[in-house]
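Scrolling down, you'll hit the structures one after another.
Consider the two complexes below, in which chain A is the common component and chain B and chain C are the respective partners.
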Partner chain A sequence: MAFYDDIFNIFGLRDWCNEKTSDVPMSMSELLAKTRGESVTASAEVFPFPSLDNLNKACSAMPRTREMTAGVEDGFLNIKDSLKVVLDPITQPLSWFLDGALYVFTSIPWFILIPMLILSAWYVSRSLSVTILVAFTFLGFGFIDHLNVAIQTLSIVFVCSTICVLFGVPIAILMSKSNAFERVTIPILDLLQTLPSFVYLIPLIFLFSITESKLYGIAIILYAIVPVIRLTNLGIRLVDKDVIEAANAFGMSNRQKLLGVEIPLALPNIMAGINQTIMMSLSMVVIASLVSAPGLGVLVLRGIRNLELGVGLIAGLGIVLLAVVLDRTSKGALTRINKSQHQDK
Partner chain B sequence: MKSNNVNPIPKVKISNLSKIFGDKPQDMLLHVRNGMNKADLLANHGHVLGLQDINVDIQASEITVVMGLSGSGKSTLIRHLNRLIEPTSGEIVIDGKDIMKMSKDDLNLFRQNKMSMVFQNFALFPHRTVLQNIALPLQVRGMVETERDQEAEKWLERVGLSGYGGYYPHQLSGGMQQRVGLARALASNCDIMLMDEAFSALDPLIRTDMQDLLLELQKELHKTIVFITHDLDEALKLSDHLVILNNGAVVQQGEPQSILMNPSDSYIEAFISDINRARVLRVRSVMTALNEGEVYAGDVYVNDNLESLITLSEGDTKHTYRVLDNDVAVGQIDMGTIIRALVPKVSDKNNPIL
Partner chain C sequence: MNTTIKHMAIAGIFFLSTSSYAACGKVTITEMNWASASVVTEVAKFLMEEGYGCDVTKVPSASVPALASVAETGEPDILTELWVSGTPSFNELEAAGKVTALTAVLSDGGVEGWWIPQYTVDAHPELATLEGVLANPDLLDGLFHQCPEGWYCKTINSNLMTASGFVEAGFEVFEHGSGETMATSIAAAFANNDPWLGYYWAPTSILGKYPMQMVDLGEFDADAHTCNTKSDCAAPKVSPYPSSRVITAVTSKFAANNPEVTELMKNLSFTNRQMGEVLAWKEDNNASGEEAAVYFLNSNKEVWASWLNDDARSKLSALLQ
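For the complex of A and B:
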């Protein structure tokens, strides 16, 4: 006798319950009990919570929790193929970009690549100290034979952050213009931001082949696109109302307002968002090494798997260094924009 | 001073304009038409009465000043003229066109070509240089860069800021920023200029400077200016036509001198009781007809203020002066008349705001 037997009896559901009887053991303890020839006894609890498992004990027509998660899985597997037909071609360019960038960056010889990185750091930040930091970092990577893996990580971050900006900024502009769209988007952004980063990988593994680079590309983009959307939306909404009123009073069209007033004035916030997006794609690229993303993350993984302390630690510190370099360079660009805009009122 | 001229077709005609802020303005309009006042409307229905049945004719080439205390609806009114705020009812006809019937594109064209605006907080674009700010109205219209910069340079010089074109707005003082705001409005070369408390954020000395600059420019440009202010001295100094608002309704409008001499109710009386009448009143408002055989102590002009006359007489109350308008004698004025004119008219001692 299970605790909830009476409830099903009162409502006259006993026949319905008995329609489907199964004594397949569902847990290890049930299995053990069965092999020992004992019958499964009612829960020892005085008043068990009416959970699916406990209700199932009283009425075998009720699904068990395990059947529920299996249902979710079946549901996903059922739509998987049709989903794949749609998603596969759409996301295919992402694989090309990632593979292309990896190929290009890793095949440039070091004596061209390192000066190129130093020059672009100077171009973006216009700061001598940042440029020197970049120079020492990459020379250091080269010295300890980590340049190639570091460049792999860097090129994935580069491709993914660029795509985040290309999609994130237009989405944010729509959000800033439409309160209804903002209300719909914000819960999705909250979900993307709080979903544990490993969970991104689970459905993707089912959808795409693990050898395809878009698998980790999508995971990184979904994870890293949030800050650039949030901060661009915020930046546009924070533009001084007086200035917008002046733009209206002089008959500026929506397009002129957006390109000539709102985006330039929101630029500091947009740049802060891009900085955060770069940081988050760097953190995700390490986790994505679980699904064959190349780079420093692979070495971290090797350190964990083979207990190679030194390898893991050095790769981990290398990621920190890469993060510092990317952060300082993009922040350098941000301060440069702030200065040229003179928004220090 | 053209408001004495007969000018049958106003540049801007505001008729029966009402504005109610809230969720159901149309329903509330009935309550207001049935005589509900602003306080009751807010207390019983949660709607704010912004403007109530405004009728104002704005003549071309004049400065029309709309004056009122804060909350009187003056900023709301000026924003109706270029439809930054949509009215609840009523119409505004500018140059024969009802602006309420304009489509969005027409409205943008109208704002680009007909009406410019100067703002209380300057509202300059912080990311653009002074010159680029002034060139903005021209850029919006699609003028090429070299041409619009040349035009902007001209206006920059006109407001006395030559050489500041390359600066950013935050590098200039408040007074200079508002000169830029003024130059930006002038550069658009529109007939009508809206000035929303344009000088209120400036300190008194700079405010006087800006008022003089505006009057000097107006002598040359003859714009139709709608000027909003809460400062009566400023209103009297600038206005050809003065509109006084209280609680969203027009209390009195007309030529400022005649409002001073004949306030329509106790609200206006209280309003004008604090001003220096000697400085504001002009000879033409108080002079009497020429009296044959009078001996004159000297000549004065119709637009001299009474203060200058008192200075001229050196306090001697027995003098009588001849009044000239363009060297033609049009009247006379004696010191007794002047002293009487300086006494403010008070009809009701239990004035609500005194």
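For the complex of A and C:
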């Protein structure tokens, strides 16, 4: 005799309920009650919450919670073929970019690669201290035989951050122009930042081949695209109203206003967003390695699994060092932009 | 002052040890993060609590971290479903007298090897042997699902593949990032009726749910296998995995203090058939490990009754009737 029996009887649903006999597995508490010779109902709650499981006790035709979750799974498996037709070709270029960048970066010999990295650090930041830091970092990686894995991680971060910026900035511009679009996008951004990656990565394995590098690419991009969108949107919205008014007075078209006034003035914010996006893609490398991304993350996992503490610590510190280098370089670029803007004024 | 504290401490230790003799007291037991282990742990927890009056705490763990924890802190007390073949540190701990191996908790041992879905083998019976697999890479998508970095099976698989000329035969080796993606790739292959070739082990809920056949790797050769476990093996030879020892171990301190419970854990052992049946039921009913343990306790009363001592059997008599 379950608590909600009467409710089903009052509404005349008893016949419907009895159409299906459910065989609910015995729970541990029922077994304990049986062992101790107590009756099960005596230990039941006085007024149980009308949850699916409790309603199922009164009426076997009601689905239980686990049947609900199993239903979600079946629903996904049913639509997976049509999802695959749509999603597989759209995301395929991501695999090409990731594999291509990995191939290019890892096949350049070190004596070309390291000077190239140092030069690009100088070009981006124009700061001597940052350039020296970059030089020491990569020479250090080479010295402890970690250059190859570090470069793999770097190339993944490079591809993913570039794609984040390419997609993030236009989305953010749309957001800054349309309040309705912003209202829709912000909850999605919140979701992307909090949804645990494995929750959507495991279903994706049913859609794509497990060998595709886009699996980890998607995991990184979905997480790292958020800051560049948020900060670009904010930057454009924060542009001084008086400046916009002046631009209007000059009779600038919307396109001219966007490219000539708003984006240049929002540039410090956009650069801060890009900086955060790079940092976040780097923070995903260990999780990405759980879906077979190469690089330093693999060594971290090996260190954890085999308790090779040294391997794990060195690889972990390597990730930190890469983060510092990327952060200083992109911040260097940010300061340069700030300086040039102040000179303009 | 100092001596009073010492006396109190000694009295406290004495009190604790006597009380644990009398009523078992607090016990910590590992709950490994795979399906069969959670059934073992739940069954053991139930029997210890209801039959022996223990206060049991489950510690979520896996083989390597559990052993590291025992080595450093002497906790948890009971390690169960420990796959010893993958954890050489166990032998060191046993030699140092920190842990005692009690019994093979899966009495048939764990089965490891290379598996192919049953439907693929049914369609192409030649794939049941290594020669057949090597001759037909295109029937298997030319892909071998390799263990993640840090799993001991990765080394063994690499040596086996070197020995048998896997890459030369046209196979690509895909290294997984985690056990979760391995399991999902099997499930995805079954959802699409695709072929699959790779390493897996039993008893697991995956192999309980998805019928697969093990590839015949020929006769077991102990020397060849020992060499294959080393990453610097000079001359790898093909040899199948031996059935691996899956044991329950307790810390030596616990064994000395709780002889009764240690005796129970020594008796607690499942055949692969029993465990396979429980895991299959668990999959069919979307049940939790706890419910699977209840299912086992209800359907195999004579099995676990024989594990208990007389006192515990009388305490659990209500259930045994």
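Just so we're on the same page, the second predicted complex is superposed on the first by the 320 of 345 C-alpha atoms of A that agree within 3 Å, B and C clash if a C-alpha of one lies under 4 Å from a C-alpha of the other, contacts with A are read in each partner's own complex, and residues count from 1 in each chain.
FYI, a residue touches a chain if its C-beta (ideal position, glycine included) is under 8 Å from a C-beta of that chain, and two chains touch if they have at least 3 such contacts.
Bear in mind that the values here come from a model prediction, so they are computed numbers and not experimental data.
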Q. Looking at chain A, does chain C or chain B touch more of its residues?
A. C
Q: Using the touch definition from the top, say if A:Ser289 reaches chain B (first), chain C (second), both or neither.
A: second
Q: Kindly classify A:Met68 by the partners it touches after superposition: chain B alone (first), chain C alone (second), both, or neither?
A: neither
Q: For A:Val298, decide between first (touching chain B), second (touching chain C), both and neither.
A: second
(Q) So in the superposed three-chain picture, is A:Leu31 touching just chain B, just chain C, both, or none of them (first/second/both/neither)? (A) second
Q | Which of chain B and chain C A:Ile210 touches, first, second, both or neither | A | second
Q | Which of chain B and chain C A:Glu245 touches, first, second, both or neither | A | first
Q | Contact residues common to both interfaces of chain A (with chain B and with chain C) | A | none
Q. Considering the complex alone, what residue numbers of chain C touch chain A?
A. 42, 46, 50, 64-65, 68, 89, 143, 145, 148-151, 172, 174-178, 180-181, 184-185, 187-188, 191, 285-287, 290-291, 293-295, 297-298, 316, 318-319
Q | In the complex, chain B residues that touch chain A | A | 82, 84, 107-113, 115-117, 119, 121-127, 136-137, 140, 168, 170-171, 188, 194
Q: Spell out the part of chain A that touches chain B in their complex, as residue ranges.
A: 240, 242-243, 245-246, 248-253, 256, 261, 264-265, 341-345
Q | Residue ranges of chain A in contact with chain C within the complex | A | 25-28, 30-32, 34-37, 66-67, 69-70, 77, 80, 198, 202, 205-206, 210-211, 288-293, 298-299, 301-307
